[in-house]
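As structure tokens, here come the structures.
Each of the next two complexes has chain A plus one more chain, namely chain B in the first and chain C in the second.
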Partner chain A sequence: MMPGRVFPFSMEKDEKDRYLTGKMIELTQYHRDHCSAYRKMTDALGCDLRRITHYSQLPYLPVSLFKDLRLSSLEEGEDDFKTVTSSGTSGQRRSQIILDARTRTDQQTALARIGSDFLGTRRMPYLVIDCPATVGKRDHFSARTSGILGFSIFGAHRTFALNDDMCLNKDALHDFLEKYGRQPFLVFGFTFMVWKYFCQELEAEGMRPDMRRAVLVHGGGWKKLADQAVSKEAFAAGLGRVCGISRVIDYYGMAEQTGSIFFECECGHLHCSDYSGILFRRPEDFSVCGPGEEGIIEVLSTLPRSYPGHILLTEDQGRLLGIDDCPCGRAGAYFEVSGRIEHAELRGCSDTYEDRS
Partner chain B sequence: MTNLQRYNKIIKDYLGCTDEELNDEVLVYNRYPKWDSVKHMEMVAALEDKFCVMFETLDITSFSKYSLGIEILRKLGVDI
Partner chain C sequence: MIPMRTDPDTIRALPIRYILGDAEVLARIPMQKPFVPFSDRTLDLLAALSASLRAREEVRTMPDAAAFAFWCRRAALEGLKKQYCRGRGRRIGRGVSLHFTPSNMPVLFAFSMCAGLLAGCSVVIRLSRSSSPEEELICRTLAELLDSDFADFRPRIVFCRYEHDRAVTDLLCSLCDLRVMWGSDESVQEIRRSPLPPRGIDLPFAARTSAAVISAEGLLKSGSLDLLARDFYNDTFLTDQNACSSPRLIYWLGSRQDTDRARDLFWTALEEEVTRRDYHVQAQTAIRKLEAALCLAAVCGADQIQGPGSTLVRVQAAKLTEDIWDYTAPGGFFVESSGEDLRGLEPVLGGCCQTIAVVGTDPGRVADLVVREGLRGVDRIVPAGHTLDFALTWDGIDMIGAMSRQISLPGGNVL
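Entry: the complex of A and B
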């Protein structure tokens, strides 16, 4: 397949509801046939696929389940797969996600199409706010490794801004900006890393590099920054002050669900692509929230085939802002994430580097 | 050396494959054992260097079989 230039934000509500409901029923059946643990769980939840009329009626797994169980829907005898571990510091349990070749390839195609819609199809010089060691370990794929490698398809001349001890690599940064700083370039990193090991370091060192042409893409959660009372606005203002970055794109996504990556548009709204679905549920009875009402986020993806992660209840909360009518012109649902639900385990991608200071 | 020979040399150097393996049945991204996402990006960078071209983002994900690399290079104006 030569993936063409498909616009991944084209389905309007009625078409999307029909499409996603059909896909989710098919995937639920597929995983029931291929994963006995999933079949038992969905049996216990009383799942009768013949009676489903909308994807919101389908059973969802809590995302934390992947920390306890290694769920696989691989064909018998299939040994060609990779295991991706989610974030979590050493004291925390990590999710384990099994990805076969097809699911990995589909994921990259989806990321390329979705990301190109925000970043353009031309690749830009790529500055990573992380250290080379993060991608050095081939046997162990953390969420950070996957993020840096995944976003490599949007970049060229990849350069790491940090040394392996997490201090700023001033020479690398200087050389990169010298060579590419006068054209648009891509900066990628996990939210906490960008703040603590880049923005605050530059500030402490009194460095003011000119990064006005940069597009910063970051994700991985606000939990740790919220603890330090750093708001989204303070984050953007800090970057603007220290290095002149004005274009900041936040994204929402998780290792546990391939294919679901939600980028923030020019209007500051996170967008759901044709590959995904999003729902918000009331914590008291798990019924579906109305528009604008805050609830627990459920994510759906058409891609996971090697493990039953197509419908997951996250530990985050947020609210639906609208469907099909964002001023940016993209069809589909758009939403905001407001934080973690109470009592959820502390977690977030960029938390994986333990603070040793 | 022809451009096809240059292409084949890069593929063999990065994937460690033999001449006999240079075909679409064997060399499939994410299936051929050494052709993972890390090698993929290294190989793209090497092809870009050698042929003085720049793959677009979607070219990188399209390059999923031996022959598709040749197709993309042609699209980018390489006589191969």
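Entry: the complex of A and C
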């Protein structure tokens, strides 16, 4: 380990390859033993764990598979679990992810370790750009619920900036800033919601709250904003103009893989922690891309035990920027996400009512 | 004077774009007199359309449009007329046919129009939202004919486009005597929410799937593998394997040794053809294929996934079950099974199975199985290379028969 390399961004390439390969083989075996559907799938793919020399050779499941199948690796009789559903607009199928207590705890720990590397270990007042109803139902989780509750570990005095009808709760915002606005505070929300229900609302209302001390952490993807031609730069500029937020941290992560959360560092790079792995695959044959070459993102996590989600092929594309040499000093791979893979245009008889969504 | 069913002002106010015809024509279309099936004048129009299309330079770069023009050339129409009108008694078109056509089969609207016109009906077509060069060419050519020698058809043909709008669909449906719906199950059900007049008839062409039966012995004897690979490519990859009639399942018929040999030869030849024709899979399609293959393994007991990231994903299933159709994918995805006879194929020949492409075996064998076992599926058995050919009997529906009515006469119908 190089001096200055700190957990959970401590492992350099050789060590990480060895560690992750071992861990992933072990988890693959675990899920083969505990999830019969996973065993059948990996058998059909001809997976022989004795011949694996690197984690990139292990089978990966497309994230969309969790919309088709409810995959569980719970111990027999285990009934202490929650089902997290992915975000998705109404009418779309949602992923179902089964989380038991252990996997949830591990996920919280990983998030705390990774997050504090960027946000510090001191709890800050916590403003959520969402409505209280999102965390209302405790047994059925959405990705938004998980995000809000997950980030609560960095915050105190949790306050919701929106009412349940998604309009701005001006009183709550005013009181929060009155009490905590002069010290560093954490703002969290999904990218699109921060833009639409917060930034644009403030602008429309002519409100200019002073939020210069805020650190905004947001995630969930740029797709909806890109559709409205709002770039990353325009997003940051808008927030700066309306409420003076200057520190904005984007993260990449998904409901389907607990424990894999990738924060953007001061250099604008997304970082892979000791808990995770990241690969980029070519769409033509799923072979692994070279450095800098754009491909479909595969994410690996050492944490999922209650469901076989340790190696997933996402529907996002991105590219590896480098390993172990980011100027921010963190060890491990760093990368960028360029967006969702393109929607395939196929010929053939399809919808007379195409493009309804 | 006959009262109009709908006031032209009401129609004019609706957000419809007309590609052929206009609000006036649409308002008056219920008053057009039906023709007898395959009338001379209709044949003249379609033959002229065929000739004009084939005379155009652009058609050379549009295989779909060229195939359409070839299909409606005069000799072919005369042949169809003979085949359809023999012993069918006195018939006349039902009136106004309304057609909903899909977006990514660019010439299906033209075939659907031909079926309507040949039955003796006038035709209203809702084209899909996005146009294609093929569609544009056919519409332009037809418009020129209607503006010159075939002005008498102008009041009988409307092509239009509109955004999803229940009010417009309601109105169009109120004007028609029958509607022809091409599309996914959801689109067909969506259109069905608009009522038809009480005696209106629906011809639904909803989502279907298809399979191929290849006799291993037949393939080994044939010796024309390149030709078979080309035909099979046309049946599948040419439309991204996303047409209802493109096979997604291959059933190998024969002894184990023959099947193993035939399979190797077939896939090698097809792979070469795919490379030669430079077929590319988009990322999303590649992922869908992997997803479908894994579902088949998890749910339907498929044993082996070959080439999970490749252009040709193959999934071996020792035993076929009907739910296999729920987990297939387009863009180069094949479920394979085999047997000494056709019994193993039976479970997948339920209602959603449309076409069986056959290689080296008698099509009658499949038809016999369907009839003997009383199966719900299989409307069409064709040689490989012909799954995409349009025919006037589709999904088991005789379109000419369904769009025309028979005048029964004393002492039998034949005159």
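Keep in mind that, in the parts below, the second predicted complex is superposed on the first by the 337 of 357 C-alpha atoms of A that agree within 3 Å, B and C clash if a C-alpha of one lies under 4 Å from a C-alpha of the other, contacts with A are read in each partner's own complex, and residues count from 1 in each chain.
Throughout what follows, a contact is a pair of C-beta atoms (placed from the backbone, for glycine too) under 8 Å apart; a residue touches a chain by one contact, two chains touch by 3 or more.
Since the structure is predicted, the reported quantities are computational estimates derived from the model, not experimental observations.
Within the superposed three-chain model, A:68 lies in touch with chain C and out of touch with chain B [touch as defined at top].
In the superposition on chain A, A:51 makes contact with neither chain B nor chain C. In the superposition on chain A, A:40 makes contact with chain C only, while chain B stays out of contact range.
In the superposition on chain A, A:315 makes contact with chain C only, while chain B stays out of contact range.
The partner that reaches more residues of chain A, of the two candidates chain B and chain C, is C.
Residues common to the contacts of chain A with chain B and with chain C across the two structures: none.
Put simply, chain C touches chain A in their complex at residues 100-105, 108, 126, 128-130, 164, 181-184, 186-188, 190-191, 205, 207, 238-244, 246, 280-288, 290-291, 293-299, 301-305, 308-311, 315, 327, 330-331. The touching residues of chain B, counted against chain A in their complex, run 28-31, 36-38, 41, 45, 48, 54-58, 60-62, 64, 68, 71.
Taken together, the chain A residues at the contact with chain B in this complex read 1-5, 80, 82, 101, 104-105, 108-109, 112-113, 115-116, 119, 121-123, 135, 138, 149-150, 152-154, 156, 158.
The touching residues of chain A, when paired with chain C in their complex, are 37-38, 40-41, 43-46, 61-62, 64-65, 68-69, 281, 283-287, 296, 313, 315, 317, 341-356.
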